[in-house]
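What follows is a group of structures, each given as structure tokens.
Each of the two complexes below includes subunit A, the first together with subunit B, the second together with subunit C.
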Partner chain A sequence: MYIQETIKTKYPPGDLALWIFICAELLVFGVFFAAYAFARANNIELFNQYQATLNTDLALINTIALLTSSYFVVSAIIAIKENQQQKSSRFLLLAILGGITFLIFKMTEYSHHMSEGINLTTNLFYMFYLSLTFFHFMHVILGIMILLVLWINTRKGTYTTEEHNGLVSGGAYWHMVDMVWLILFPLIYIMR
Partner chain B sequence: MKYESQSVAKLYFIAAIGLFVGQIVFGLVMGLQYVMGDFMFPEIPFNVARMVHTNLLIVWLLFGFMGAAYYLIPEEAETELHSPMLAKLMFWVFLVAGALTILGYLLVPYSTLAEMTGNSLLPTMGREFLEQPTITKIGIVIVALSFLYNVGFTVLKGRKTVITLVLLIGLAGLAIFFLFSFYNPDNLVKDKYYWWFVVHLWVEGVWELIMASILAFVLIKTTGVDREIIEKWLYIIIAMALITGLIGTGHHFFWIGAPEYWLWWGSIFSALEPIPFFMMTVFAFNMVNKRRINHPNQPAVLWALGTAVMAFLGAGVWGFMHTLAPVNYYTHGTQITAAHGHMAFYGAYVMIVLAIISYAMPLLRGRKACNSAASQVAEMWSFWLMTISMVFITLFLTGAGILQVYLQRFSDEPMSFMVVQDKIELFYWMREGAGVVFLIGLLLYVYSFFIGGEERTVEEKV
Partner chain C sequence: MEKSYRINNIIFTTLILLTLFTWLLGQVDIVGDITKKIDGKIFFLILLTIAVIKVQLIGDFFMHLNSVKGFWRWIITLWVILTGSFIAIAFLL
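Coming up: the complex of A and B.
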């Protein structure tokens, strides 16, 4: 409590340059979502038909994995504010595991689709499904790489109660990856 | 100039500007041929003038990039260049090879040039912008490899900065993607893929990294802003340039026989290609506003700000204008493309090379920081003459393009190509006029370096 009162949280937290990058990334996804909405509006039956073939259970597990992972990132930042570096690095490791869990389940889904011969040219729905989720998949990989750097830095004692800008910035990027999935999941898997 | 070996850059810069003048002269010849079809025929047919105009552009920009690297890498790495001798040798190899190639274009028919240079052994000729004989292409690869070896080893033995890292990635990418020009498949769809792997991945991929790193260097030097801040911007700019630029290649795959999903991928990602250019504009103005020194070389700052703005307009806005597949369906290969091409090349690459030349040349010629006040005034006039005339060239070509699209492709009774060309003649005349002003601006730019007088010193900002 004492620490929370004495350390002012600047706004936006982390690095401004990274926030600009996050906004640009969100714009890329936003345009993709808009294109999906436009294509779906013109092909509702096709989209509904093939949406039913997706594995919603795995997607739900993945949603929980990412949300939990984000929770661990927040916990890692709180721990560093309390100057508990070991605890912080453990939380980051758990966050990374959450990300890897997502990748494993997503690859399971992809291998299922591939075994059925589905690819980008199968139909418009699958084109969007594969494009959007794969683009996000690549962001999860990038996010995990960032978390790995943060984990190594935390273990080395780079971040302190006073100076942990890098950790907050990296955490913000991971939350962006998480947030995009929170839109992507209902948009592609659930909305009918 | 901090390191003796930086002086090799001077050769490259002089050659670059010389070839730039040649490029513009051939541009004017070609511009006139749009309205006077037999102008200088048969000595310089339209296809030859066009080839010389575009090839000279590429070659002089490469000279400019190499000169920029030879200038900034020793300063960034804080060490002398690995081998100034090799840099000089490669300069002459590249210049002679380039000159012979241009003479070949001008003096013999293209098919004869192909025969003379043994194109049949490894056919690579005949593709737009990559018309160079195979032997010249091999020469380019040798020059590029020697250049990378030279600057690479300089960086390895010295200080490693984000600027040199980004510049090296850009230059290495430039060399690697050029290798696709050696693959010339019979299948036309594949042929187009590989062609774009050179052309697009150069100008909308790795060249952007080169541009961003040179811009960052000039801004560090002229504004005195902390390197840390500038490097952070550099990271996010190149990340966005790569995300949008690499997948954005898809906007060239719309009509070449590639799968349909490219209509979506190409449209979406290339629509976002203006983002890194917009970031560069914000970055440049932000850094100049936060400047800690008032650098006396005002033209260099002007070129740096100008390149950011014009690149955003030319590459970003004019690119976006016709990048969405439903729009491109009508505009593909019309004067809209020419409008975009002119302003994008000028804004992004011509201006960044002129910015580094403007910054470095006075230092290379033994001055402390900049040219005299009179010289700077002349150079700034040349900036405005060239930039404003390029804006008009772009607007006239855009007007021509819109009319062309309507008359040739959109109206209820579409007209044939040549009939439409006659109808848009007025725009071509106006473009030619703007082109003449551009040449005057360029000649003034060259002249400004010969204006003497005393220089001013660096003023600290209060």
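Coming up: the complex of A and C.
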């Protein structure tokens, strides 16, 4: 098995169509990140002032939640390669819980902002902050739905040591969601 | 397979440590007095470099792009360098 893993392949693991979709998603997020950075360049004082109102502790918890969730997805794939379906489904359940933790803390942040009367029209910083994070939030929801399907399939024994392409593809999407947050977190919450 | 779990654990621990370091840097009051001691551009470049390294680790080890050759091997690297470059231009120029 180890020898098989060290052989380099021409295409990434999982469905190639999904990888093309991942590339399109990354491109969109990349454009949004650049737009945020250039908008900030023209309004540095405004962005620094309102960035200071964000809760970096909650953002840290959310980053750890997503990273932990991704870790469990990788563990689930390793387990299925060992033909351990039960172990794999447990890891996937933990990954889903990581995603739900992210949603809960993000909603806590949103409700705090809403209670202060903050919305998309408050100022340019909040327009970018709310739209970028909510766009990502929607991707987390889609990612959790994909993980749920993978979890159900794993419990039904759909994936085996030989055939687990669906699990690898779904996992790649979840890692993309995680990856985008790894740029979003320092860009919006920390960099000034 | 034990080796796969071990690599997974090492990468995860590295990602968590880098995240904690990013958060710690966020606690530094760069706009206040400490600004005089720390150059804001260096502070920004450290944060950006950490973010790029984290994305690359996810791509290489969680998405297993380190076992791919050719164009797809570098797809995440290409994205993070392009995105990082635009962010750097906007922040530094």
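Here is the rule we use: the second predicted complex is superposed on the first by the 181 of 192 C-alpha atoms of A that agree within 3 Å, B and C clash if a C-alpha of one lies under 4 Å from a C-alpha of the other, contacts with A are read in each partner's own complex, and residues count from 1 in each chain.
Convention: contacts are C-beta pairs under 8 Å (C-beta built on N, C-alpha and C of every residue); 3 or more make two chains touch, one makes a residue touch a chain.
All figures in this text were calculated on a predicted structure; none of them were measured in a lab.
> Touch test for A:Ile141: subunit B only (first), subunit C only (second), both, or neither?
Neither subunit B nor subunit C is touched by A:Ile141.
> If we overlay the two complexes on their shared chain A, which of subunit B and subunit C does A:Pro186 touch? Say first, second, both or neither.
In the superposition, A:Pro186 contacts subunit C only.
> A:Val149 in the overlay: touching subunit B, subunit C, both, or neither? Say first, second, both or neither.
A:Val149: touches no partner chain.
> Kindly classify A:Ser131 by the partners it touches after superposition: subunit B alone (first), subunit C alone (second), both, or neither?
In the superposition, A:Ser131 contacts subunit B only.
> By residue count, is subunit A touched more by subunit B or by subunit C?
Per-residue touch count on subunit A favours C.
> Looking at A:Leu97 after the superposition, I want to know if it touches subunit B, subunit C, both of them or none. Which is it: first, second, both, neither?
A:Leu97: touches no partner chain.
> Which holds for A:Leu58: it touches subunit B only (first), subunit C only (second), both, or neither?
neither
> Return first, second, both or neither, reflecting whether A:His175 touches subunit B, subunit C, both chains, or no partner chain.
In the superposed model, A:His175 contacts subunit C only, not subunit B.
> Applying the document's definition of touch, where does A:Ile20 land relative to subunit B and subunit C: first, second, both, or neither?
It touches subunit B, and subunit C stays clear.
> Common interface residues of subunit A with subunit B and subunit C?
Touching subunit B and subunit C on subunit A: residues 27.
> Give the list of subunit A residues in touch with subunit C in this complex.
Listed in rising order, the residues are 1-2, 5-13, 19, 23, 26-27, 29-30, 33-34, 37-38, 40-41, 48, 52, 56-57, 59-60, 63-64, 67-68, 70-71, 73-75, 78, 81-82, 171-172, 175, 178-179, 182-183, 185-187, 189-192.
> Can you list the subunit C residues touching subunit A in their complex?
Interface residues on the subunit C side: 1, 3-5, 8, 12, 15-16, 19-20, 22-23, 25-27, 30-31, 40, 44, 47-48, 50-51, 54-55, 58-59, 61-65, 67-70, 72-73, 75-76, 79-80, 82-84, 86-87, 89-91, 93.
> Can you list the residues on subunit B that touch subunit A in the complex?
232-233, 235-236, 239-240, 243-244, 259-261, 264-265, 267-269, 271-272, 275, 279, 282
> Residues of subunit A touching subunit B in their complex?
15, 17-18, 20-21, 24-25, 27-28, 31-32, 35, 39, 120-121, 127-128, 131
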